[in-house]
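After this come two complexes, each holding chain A, first together with chain B and then together with chain C.
What follows is the complex of A and B.
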């Protein structure tokens, strides 16, 4: 068929793609004319079968085009993820033989106080960062949206933290919040207040990490919200104002309800990324757990679950236990995302 | 008259609040430069110096003594450039197939793409590490480049643009000329999707430049690190020599941020589009 196309909705030649051609253009207008017979006959499979090529082989260019991602994904993501499940039921140091231990790793996890502490740290840091972050982002977006001047400048300035290297930011925060030599404590001293030992108190450590995350992502979220705000027709605001609604009433009755899908998006993204904090405490409190028993800082207050996972895997070479930690943690993230989703969705149904 | 004044006052206060936020946003960059251009003693002293000093070159010299800066820079540039080129090619090619063709299993494959979007990489990192050991890639840049050579976000983004940005008439014309799938891609699709490629390229480059976790795990050879890992180690080892460490941060991070500001406007518009779909 490929060399002598027939009339009607017959498939085109093999290399020019599938029967329908470009989506939405299934017309026969682009069939190859008989003027180029045989030009596109494909070797391999076509030769073997002669005559019209049927089935899946016809689509080989498309499959070839999409294959790199799925190949890489299978080798470096899908297979490893499943293998991590397998590992969670083994005892393995990465070199010797694996030993099947059943649910022992998970039982150990359940009784491991450091795991629970790392979860608590992670959740506290997440709440301390996400709540003010999204709230301030919404406020900033409303402010930028209310003015017409310098908006381009504001957008760029607010966006820049989100493309800055996290390592650099962590080093900067470490220097500025340093107990003895930090800028913050110098300012407090200048105001005749007592210095705060930011980097050795259980709560201030979490506060510093949360502040870091807030600094990095508030502007990004503000710009996402801003895009949503600009899509709200201004007639709605005018109508509300005509009816005598004040700015607060407009915010809660028009802006937030109409932004709900976007708010849902930012909540999900902030949950997924915020719970995965790792680089912040890892850079702030040194990298080597074997020389530093206080990994995660004094009192392990900055030990997040992923940092704990990293130590178990790559410092203690306890791969089986690390696999159990990371899968348990992933399921927890999933659960929290679903809960968040439900919460935001339910509010939507309310009038 | 009175209400006009009040309106103007409100406008001014809006800009005042926004300016404060802008200052908070860019203050770290200013302060990094202050620290990098003074001596560590200046930073320790009270009251601290608030303006640029003249010690930058000495700090950079110290930095070069403690850290293989240019080696790390070369590694980072290699990873970022290779990853970006591969991602641009593979993602736009796959996107073309998804946007303009029907083929069995397309829906399933595309759905898979969406589902895999937010899987945390840590779920896979231990076996990934073992795979690199088996391949003999551990400690090499290949261990960073190859797994990142195609990604779901890029395919998704490019598909969006390709389906509207590449006119079907052009593809039909190419097909009548006898152009197959790959020649259509090369001669029709690529020229049409350049704006989308620009965004994806900048995005991928910045992400590869800033990546920390994967290099931390994979680059086990201390003489072959990327800038981010080398900086973190420098900080871990010399955490009190601020001016030297900040000189490193300045050289490794600030140029990228400055370059970014040139592309920022278009990039930000695309970034919100990408996020909101």
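What follows is the complex of A and C.
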């Protein structure tokens, strides 16, 4: 389903981003930046200046090699995406005639308390999952990085949750946290504590969804941090130790500053994927009741924005309104990503 | 660079073909003529008796029925399939909760009255046929089954609480919702861990089904703020204030139904299968009585012929054969599909006793109810609007929201949904 971080931008982004400082040459005659494959053979600079038409002709095998992805991308991602822009200005039930309604869907959206509630739910679940997830991932990565034995085992173990079927995990969590007969409540009762109605209280519902996401993606982020850690030269650590720095000091003065581009990457990816939580509440509360499907559980506490979008599009068949929801949501994600980016960037310049 | 232009073109065509194949997989044959012998037939698991469908393939030996049991979200897949004649089925199931939303696009389906359904109509329940009839009189679906509702109760628990146990007596004594709730209070007083109902949404949905008006009227006007809905709401909230509501809104229902947390259960005939699946250990302890407040219906599907159907005459023969009273009786035995043809109610498959209900002949409750269900106009946006009310009822149970505040929010949200769907 949707929330696999693997679908995000390629992980080359932050390591070659502006944060690391230019290690390569700025290459002045190289204007058409992204996607241009000829960088390595630049020394023959006379050839590269022959204009774009010749460039494509010259490098066609490379373009051909990358074309299947872009073809599939255009058919299955780009076209549907652009089509939703069109849909957001229409009223359409899926099979009948479309009717142009201007900005009406967005006006409805502005007045819809359920949409705003779904945004609140999404943000709360995102904060509850992302913050502990990234902290724990960093901690795990540092721990695994310092082990000498079974490193392969630890890495595989960390990665397994992220490739486990989300639906299976959701069903499992549903059973563990079940109100009356769940494992956790059985343990609580065994300790003579009162059971917690996990699946009906508006806060515990969010907590369960956040716990599920944390469980699934902590290991994945830890692996990325681990890769970053191994790129830090060991001389730096040796030097720090010689100067008498303790483990905590080393973590905060060497590891975290040098890991900053990687942290930025994980923050952006977790923002984009964490805000798109859909499968988790859909499976946990998507009871197959014909009267009220995909409502997001008791009190609609698990109604995330994408679940609300799904409900409008595929239960109510209000495709125009659903398109307006996703575009409004897209703008919000963009805003949060920019804020994140600036936050992490600014710290970069300080030392 | 020894690749020639020709080989480049070859490679490009190959790439495009691969992409095309990926996109087109699942497409089928689309013949334009109206007398094809190949019929694509879509339904969902449990939507029809598989045995009857298998027999239909044998019975119509001159035709080829290509059946597909469609999993997942059936309505969405059907909407996508109907986009082109090549991908559309020739015969398809339509779920009861979706039928109203297809009516504004009745022209996408064949009017079954033009194929002779009007002559068969007297044999089938008129209120059910009305659900599949558009406002200009087109019949787009032939009814598979219905969901006449009743009150399921635990005879053993009723006995312990000193309540009547005989189905006829229970039906007579608990004939109104207030009588029913009074019995619930007694039941809960005698057995502290036993509640009357699983959640208040179920009472609300039953009461809406008992009326002749729903959330939107024939003139496409929102009437979800009027007295008939308000009454259903106040009645539904009563068991909550009386503390005889188990407030179950999740999968713990499965356990609750088996361990005596629920003393009664209100639901459609097909719900009996849910109970016996979830609580096989309670076999023989359940009985069925009439629904308090009068008959109601929940669910029940249709078979329809999309306008692109390759052979309407033959397809209509197939669906009327599958849904003949005799075959409907078999559907009841195989898949708990309650027949839409009253003639089937007299067949042995239905008149026998049900061991799960202690040998009770449940048709004596469901049969008369089925024929007395009130016909109500269900607007295309009805299900979408009603969701607001169910969400607010759940909010009362989950968050302890004040019922009056919940009512105000339900009405204002219901109005908004209606407005978005083009209701005045």
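One rule holds for everything that comes next: the second predicted complex is superposed on the first by the 274 of 351 C-alpha atoms of A that agree within 3 Å, B and C clash if a C-alpha of one lies under 4 Å from a C-alpha of the other, contacts with A are read in each partner's own complex, and residues count from 1 in each chain.
Everything below uses one rule, namely that a residue touches a chain if its C-beta (ideal position, glycine included) is under 8 Å from a C-beta of that chain, and two chains touch if they have at least 3 such contacts.
Note that the coordinates shown come from a computational prediction; the quantities given were computed from them, not determined experimentally.
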Problem - First (chain B), second (chain C), both or neither touched by A:108 - result: second
Practice task
Considering only the touch criterion stated at the top, classify A:79 as touching first (chain B), second (chain C), both, or neither.
Solution key: first
Handout entry: Partner chain in contact with A:298 - chain B first, chain C second, else both or neither
Key = second
Handout entry: Residue contacts with chain A in the superposition, chain B compared against chain C
Key = B
Exercise for the section: Tell me which partner A:174 touches in the superposition: chain B (first), chain C (second), both or neither. Expected result: both
Practice task
Tell me which partner A:94 touches in the superposition: chain B (first), chain C (second), both or neither.
Solution key: both
Exercise for the section: Using the touch definition from the top, say if A:315 reaches chain B (first), chain C (second), both or neither. Expected result: second
Practice task
Check the residue A:257 against both partner chains and state whether it touches chain B (first), chain C (second), both, or neither.
Solution key: neither
Practice task
Could you say whether A:228 touches chain B, chain C, both of them, or neither, answering first, second, both or neither?
Solution key: first
Exercise for the section: Tell me which partner A:68 touches in the superposition: chain B (first), chain C (second), both or neither. Expected result: both
Fill in the blank from the handout: Check: chain A residues flagged as touching chain B and also chain C 61, 68, 72, 75, 94, 174, 180-181, 287, 314
Completion exercise
The answer for chain B against chain A in the complex is residues 11, 14-15, 17-18, 21-22, 24-26, 28, 31-32, 35, 43-44, 46-48, 90-91, 93-94, 96-104, 106, 109, 112-113, 116, 118-131, 146-147, 149-152, 155, 163, 168, 171-172, 175-176, 178-182, 185, 206, 209-210, 212-213, 216-217, 228, 231-233, 235-236, 239-240, 242, 245-246, 249, 252-253, 256-257, 260-261, 264-265, 268, 271-273, 275-276
Handout entry: Residues on chain A engaged by chain C in the complex (per definition of touch)
Key = 60-61, 64, 67-68, 71-72, 75, 91, 93-96, 105, 108, 111-114, 174, 178-181, 199-202, 285, 287, 290-292, 295, 297-301, 314-318, 321
Exercise for the section: Using the touch rule from the top, collect the residues of chain C that touch chain A in their complex. Expected result: 1, 3, 8, 11-12, 15-16, 18-19, 22-23, 73, 75-76, 79, 82-83, 95-97, 101, 104-105, 108, 201, 205, 247, 249-252, 255-256, 299, 380-381, 383-384, 386-387, 390-391, 394-395, 397-399, 401, 409, 413, 416-417, 419-422
Fill in the blank from the handout: In the complex, the residues of chain A that touch chain B are 12, 15-25, 29-30, 32-33, 36, 39-40, 56, 59, 61-63, 65-66, 68-70, 72-73, 75-77, 79-81, 83-84, 87, 94, 140, 143-144, 146-147, 149-150, 152-161, 163-172, 174-176, 180-181, 183, 186, 189-190, 215, 219, 223-224, 226-228, 262, 265, 269, 272, 276, 278-279, 282-283, 286-288, 306, 309, 313-314, 319, 322-323, 326-327, 330, 333
